[in-house]
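Below is one structure, written out as C-alpha cells; the observations come after it.
Chains here go by letter, A, B, C and D, matching the order in which they are written, and residues are numbered from 1 within each.
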Amino acid sequence: MEKKSFMKKLTGSREALLAVILVLLFVVITIISPSFLTFKSLTDMLKNNAVTMVMSLGMLCVMLVGGIDISIMSTLALTGMSIGMLLKYEHISSTFLAFVIALAIGIACGFLVGLVISRADVPPIIATMGFMYIYRAMGYLVSHNGEWASAAALGEFKNFATTKFLGMSLVIWVIILCYVIFFVFMKWTTIGRRIYAVGSNPSAAEVSGINVKNIKLLVYTIMGLLAGLGGALQVSIYASAMPDMQQGGEMDVIAACVIGGVSMSGGRGTVLGALLGSLILATIAKALPLIPFFDQLWLNTIKGVIILVVVVVNIVLQRTADKNALKGREM
Amino acid sequence: GSADGKKIALVGKSAGNAFFEIAAKSFVETAEAEGATVDTVYPEAATADAQIKVLDNLISQDYDAICISANDVNALQAKLQEAMDEGIKISCFDSATNPDSRQIFINQAGTVAVGQALLDACLDISGGEGQFAILSATSQAANQNAWIDAMKKIMEEDDKYSKLELVEVAYGDDEPQKSTDQTAALLEKYPDLKVICAPTTVGIAAAAKYLQDNGSACKLTGLGLPSEMLEYTGADDEHSCPYFYLWDMQGLGKLSALTTIALINDEITGAADETFTAGDLGDYTITAADDGGTEVVLGAPLEFNPDNIEEMAKLY
Amino acid sequence: MSEYVLELKGITKIFPGVKALNNVQFQLKPGEVHALMGENGAGKSTFIKVITGVHKAEEGEMYLFGEKVDFKGPKDAQEAGIAAVYQHPTSYPHLTVAENIFMGHEIKKNHMIQWKAMNEEANKLLKQLNADFDSTAEMGTLSVAQQQMVEIAKALSTNAKIVILDEPTASLTKRESEELYRIVDQLKEKGVSIIFISHRFEDMYRLASRVTVFRDSQYIGTYDVDGITNADLIKAMVGREIKDLFPKPEVKIGDEMLRIEHLSRTGYFKDVSFNVHAGEIVGLTGLVGAGRTEVVESVCGITNPDEGKVYLEGKEVHIKQPSDAMKEGIILLPEDRQKEGLIMSWGLGRNVTLPTISKYAKNGFNNEKTERDLSKRLLEEVDTKAVDIFQPASSLSGGNQQKVVVAKALSQEMKVVIMDEPTKGVDVGAKAEIYAIMGDLAKKGYAIILISSEMPEILGMSDRIVVMCNGRKTGELGRGEATQEMILELAMEKGTTGKGAAK
Amino acid sequence: MAGKSGRSINNVPKSPVKQMIFSWEGILVLLFIAVNIFCANFSEFYNLKSLLRQMPVYLAEIFLMLPMAYILVLGEIDISVGSIVCLSATMACIMANTGAPFIVVILATLLVGSLCGAVNAFVLTRFEELPPMIVTLATQIIFRGIAEIVLGSGGSISVTNTEGFAALGGKVGRVPYILFLVLILGIIAAVILGKCTFGRRVYAIGTNRLAAYYSGIHVQKIRFVIYTLMGTISGLCALFLMSSSFGANTTTGNGFEMDAIAMAVFGGISSTGGKGNIAGGLISAFIIVCLRVGLGQRNIHPQVILLIIGVLLIGAVALPNIIKEIQKKAKTAK
C-alpha cells in the first residue's frame, strides 16, 4: 500500500485548504497593516472572539448529529444576565461560583432543548427557534426589563478576563483548554465517536445499539454548557451584562462551523475545522477596521463578500483537488 | 393633578434599554403624580417597522398623547400624522422624528451644546493639539450623526481647534465586540492618537475598558452612563476616561412628561416661542430646532468627573 | 445443553398494517450454515431483526443455548454473541473502515481509543478477507462490495458465536462471492453457526446444509439441502412452479438503436464503445467497480463524459442532463433503487408518474385521476405486491420496489432501456417476472442494456455480452460463444487491485 | 400480461374530508378559533378596527412566508430575505423620489428583489455543494450592506412622492387591498404547490433530490426559479411596507426571515423538506398575527409575546409527538 504524498494530503484535506486560506488572509492583512501580526494584536483578536470560538465547539457537536441550534445566544444572554444580576445585587461575589452558576444554567437550558429535540422529536430548527424566543425573554425578565449590570457592579468577576497567566489572558487559556479537551474528546473517546456515528448514519447507529436519543440530548446539553460558558466569558470580557447581548451572534457561530467544513447534514466536521473556521471569521472581524481604503460604510458588505468568497473558493479548490485525484487513477 | 384621567403612551426604541428605562421611570412617576395613566410600550425590535406596528395598535386605543423615542426620522411620519389627525398629541424625546411627524421634541441637550462640550473635552484632554477619533454607534444613528456634524462644524469655524485633527469616525454598531475591534484598530492605525470621543453608551464603555486594560496613553471622553463608566473614570493614568458627559436622564423623563401633559391640556401647541412651566424644573421656552421643527431643550449636558461620578452612579 | 444454539418459537411481528411474521419458528444447530429463503417481503429481514433485538416481537419466545432470552435492544444481542450483517448497509460513510468495524466495541485503554491498535487489528481482519483496501480509508469512498466486506469484518471482530448474513452476495459478482464463501467456510470451521439469507440458489447449494423457507410471513418448512430439488424449493418459496427461469424470447434483431463511441470520463472509464440494436438485449458485465454504472450514467446525462459520442438511431445526440435522455427515449433504471430510483416516503402511484407527470397535466395542473389509473395499470402490469397505490414505497420489499422502478420506466416513451442490476436482491419469482418483462420489451422492439453481476442472468438473458474491467471494455461475446470462464477471464484481465488503496 | 397473479391494486383515495379533520391543518384551524376567542376575551380592544389597521405590516410579512414555504419544502432555507426587503425598499424610495411613474417604481423594486434572489440562486445552483444557510447568511450581510452604502450616513430615506404608495395602501371599505392580494397570492401559491406539476417536482426534490434528478427533473432550474421568486416577493413585501412607512432605513425588514420561517414551520412545513403545504402556512401565519395583535393590544411586553410564540411553536410540534408516543406505549403494553 503506497503512502499518500504530502502534496496530495495537503490538497486532499479540507482543513489544509482552510489553513491555506487563513495564511493568505494573514499575509494580505499584514501587508496592509503590519501591526496585525503582533502578539498583542493576535491575543486581542482571540480574546475578543472568545465567545464565538468556544461556542463553535458546541455547534460542531450539534451539527455533527445533523442538528442546528439557533437558541445559543439567548442562552448566553440568559446566563450572562443571571450572573450579572446576582453579582450586581451581591447575592454572590465569588468568580468561581459565578462560573459554576453560569455553566449550570447553560446546562439546564441545553438539556431542555435536547429533551424537546430527542424525546419529542421536534425538528432542531423549530425547537431552537422557540427556545431562542423563550430564553431571550427570560433574559429580559431576569434583567428586570432592561437593567444592565455594568463594570462597577461586577466586582472581582470582571478581573477574570484581565488576569494574565504566562502572558496571556485567562480567557485565551479557557479557549485553549476547551479546544484541547474537545480535540481529545472527539477523537479519542467513544462518546465523541458516537456523535460522529449518529450524524453519519442514525439508523445504523440505532441498529448497532447506540442510544441515538441520548447522544442528541448530550450534544445539545454540551452546546448549552458552552453557551453558559460563553455567557460568563462575555460578561467578564466586556465587563457588562445586557439582556440583548450577542443578538444574532448565533449566525457567526454557525458560519464559523460551516466555513470550517462542518457539514450541515451531519457526520462531517472536525475540531480543527471549527478552529480554522472561527479563526477566519475572527481575522476578518479584526482586520476589516484596519484596512484603510474603505469607507466605514462599506465594512458590512465587504465582510459578507469575504465570507462568500471564502466558502466559494473552498469549494472550487475542493473540486480541483477531486479532479486531480481522479486524473491520477489508472485504468 | 392637571392631567386627571388622561392616557399617555410612552414608546421606547426597544425593550431592555437601560438608558430608556431611567427616563421612562421618571416620566411615569411625573405623569402619574399629575393624575395621568401611562402605558410604556416597546416594539419587538429596535426598528421602525416594529414601531409602526406599535403605533397602529396605539392609534386605535384612544390615547390622549404619544411620547416616542423614534427609531427612524422619517419612517413613522404616516402613522404619527394619522395619530395627530385623530387628535392624539405627539411629542418626541431622546430621538426625534422629522418636524412633520411631531408637535414637539424634548431635546436632552442642544445639539450644538453637546457638540461643543465634546469638542472642548477633546481639546482639553489632548492638551490643545493632536489627533483624535470618534467612535460612534452605527453610521445611521441620527443623534450621533447630528452631534458629530456639529463638532465638525465648530472645528471649521473656530481657530481654537485648528491644531486638533479628526482622523476618523469609526462605527462600533453599539456592540461591545465590534466597538473593541474598532478601538484597537484606531490605536493601531494612529499610534499618536490622543483622544477617542465616543458619543454612545455602549461604545464608550467598550472603548474605556479596552484602553484601561491596555494602559493606553490615549484617553477617552464622550457620552456615557455614570454607572457604566464608574470603573473607568479618574484623573490619573490608571483610568482611561478623565471625564465625560450625559444629560439629566431623570430630568429628561420629567420634562417629557410635563411637556406632553402641557400639550394635552392645550397649554402649548408646540409652536416656537410658547412658554410653559414644567413644575420644579422651571420655565421653558419652545425654540426652533435645527431640523425646522420645534423643541424644548432640557439644558446643558452634565459633566461627570471623578468628583461627582460616585454620587451619580447611584442614580443611573 | 440443548440441541440448538438458537431456537425461536411462535414469533409474530406486526408493523402498522402489516403482519410481517406470523407464528414462525426456526432452529439453528451448532456449527451449521443455515439458509433462510423466501420471496421478497416474506419477512426474512424482519425475522433477523427480531433475533438481533432491533425489533421486538409481539409474540413468541427465543432460546439461546437452551436458555430463554429477551433482548431489549441490539446491544443485548451483541453481548450475547450474535453478530449480523444487515441487508441495507449499516455503515457510517464519514468514518474510517477501522471505526466502522469497531463501532460499539472500540479498543480502549484508560477510556481512550487506541487508534493504532484498532487500525492494525482492522487491517488484520481485512487481510483475512483478502480485502484490497486499508483500514484508514473512509467508508464512503469504498465500492458496495468493499463496504460489504467491512460489514463482514465487523461481524468477525466481535468473535460472535452466531453470525447472520442478510443477502451479502446481492451486489457481489462471482469472484467476490467466492471470496465470501471462503470466509464462511473459515467461520464454520471455527464452530460459528451461520444464518445466511440469499436469493441465489448457487449460494445455498454451495454453503448451506439446511434451508428454512418463509412465505407470506409464515413458516413453510425446513429442509436438508442435499435432499431437495430446485423445483421443490421454488414451489415452497413462491407457492407455484416456475418452468423457465430465463424466459428469453426469440426476437428478430433490428436496426442499430444506440451506439457509444470512445466514451471517456476521467477517473471512471476510458474509451468505451459498443452498440445495441432494436430487440436486442446486451449484457454489460464485469467485476464490481468496473465502471459499468458510470458508463450508462454518462450516456443518460446523470454525469457528463469528457470525450466520446453517443448516437441514437444513427444520429448523434447531445445529452446534458437526465431529461434530455428521457426526451430521446433512453431510459435508465438506476442501480440504487432506494436512493436514486424511488422516493421512499411517497406513495407508489406518485413514484410511478414522477418522470412523466407533465405529460398528463393540463396547463401545468396535475391530472390526478389519470395518474392514479395509469399507475394502477402499470403496477398491476408488473405484478407488484401492494395493497394500494398510496402506500409508501418504503413499505414494500426489495423486489417489489424494483418492480415499481420498472413500472416507472414503463410510463415513459422508450427506445433504449438501460437496467442497472435490476434483479439485485430480488426473489426467484419476481426475478422471473422481471425477465419476462424484459423479454416483452425486447419483443416490442426496444433495445435493452442489462447490467448485472450475476453470471446465470447475463448468460441466460443477453444476446451479446460486453465485458468491462477497470474502466475499459475488455471484450464482447456473442450469445452462443460465451461461457462463464470466458467472461471471468475478460473481467479480470488486468487484475483489480488498488482501487480502495488509491484513496 | 397484466397481473399474473391477478392481484388488484386499489387506487381510490380515502375521503379527503376525514383526512383533513385529523390533519395538522385541522388542528391549526381549531387553534386559530381558540386564539381568537382567547384574544377577544382577553382584550376588550380586540376589534376589527384595530386589527385591520395593524394588518398591512403583518400581511407584508405573510407574503414572504409563501416563497419561504417553497424553499423549506425543498429542504433549504433563505435567511437573506429581510435584507432583500431592505435593499428593494431603498430602491423603491429612490425611484419614487426621481418622480418616475409609479409603475416604473413597482417594476424597479421587483427587479431589485429578483436580482438579489437571482444572486442567491446563481451561487446556490452553480455551487450546489454549498449549504443555503451559509450562502444566504453571506448575502444577508451583503444586501443590507449595499443598502447601507446607498443610504449613506443618514441611513434613512423617505418618500417625497407618496401618492403611489398611498394608493397601494388603499382600502376597499375598511379592508386593505393587501389582504386580498395576500389571499390571492396565497391561493395561487397553494395551487401551484399542491396541484401543479411544478409543485410535485418541488416536493420530489425536497424528499429525495437524487431520485428527482434521476427522474429527469431539472433540479437546479427549479431551485433557481424558487430562490429568484423569493427575491421578487421580497420586493413586493418592500412595496407594501412602503405604503405604511413611506420610507426605508437600514433596519427595514430586519428579522423578517425568522418571522416567515416561524409562520411556515408552525404551519407544518418541515424544515427538512418534502412536507407541509401552503394552507397550513397561511393559517398559522394568521394565528401568529392574531396572537401578536391581540396580546400587543393589551400592551403585553413584546418579549413576553415572543415567549408565548416560542412555547406555542415548540408545544404545537411536540405535543402531537408526545401523544403519539404515549399511545404507542399504551398499545405495546397491551
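To be clear about the criterion, a contact is a pair of C-beta atoms (placed from the backbone, for glycine too) under 8 Å apart; a residue touches a chain by one contact, two chains touch by 3 or more.
Model, not experiment: these values are computed from the prediction.
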| item | value |
| --- | --- |
| Chains touching both chain B and chain D | A |
| Chain pair with more C-beta contacts, A-C versus C-D | C-D |
| Chain whose mean Cα position lies farthest from chain B | C |
| Centre-to-centre distance between chain C and chain A (centres being mean Cα positions), rounded to whole Å | 43 |
| Chain A and chain B: spacing of chain centres that average the CA atoms, whole Å | 35 |
| Computed distance of Cα centres, chain C from chain B, in Å | 73 |
| Residues within chain C bordering two or more other chains | none |
| Multi-partner residues of chain A (at least 2 other chains) | 140, 145, 297, 299 |
| Shared interface positions of chain B, touching two or more other chains | 15-16, 139 |
| Touching pairs - complete list by chain label | A-B, A-C, A-D, B-D, C-D |
| Chain C-touching residues of chain A, taken from the complex the two chains share | 1-2, 184, 187-190, 193, 196-197, 199-201, 203-210, 267-268, 323, 325-331 |
| List of chain A residues in touch with chain B within their complex | 33, 35-36, 41, 44, 48-49, 51, 140, 143, 145-148, 150-153, 162, 234, 237-240, 242-245, 285-286, 288-290, 292, 296-297, 299 |
| Residues of chain C defined as touching chain D within the complex | 56, 302, 321-323, 325-326, 332, 334, 339-346, 348-350, 354-355, 357-358, 361, 364-366, 372-373, 375-377, 379-381, 383-390, 408, 433, 436-437, 440 |
| List of chain A residues in touch with chain D within their complex | 116, 119-123, 125-127, 129-134, 136-138, 140-141, 145, 251, 254-255, 258-259, 263-264, 295, 297-305, 307-308, 311-312, 315-316, 318 |
| Chain D partner contacts - residues on chain B that touch it in the complex | 15-16, 39-50, 52-54, 56-57, 59-61, 71-79, 98, 138-142, 145 |
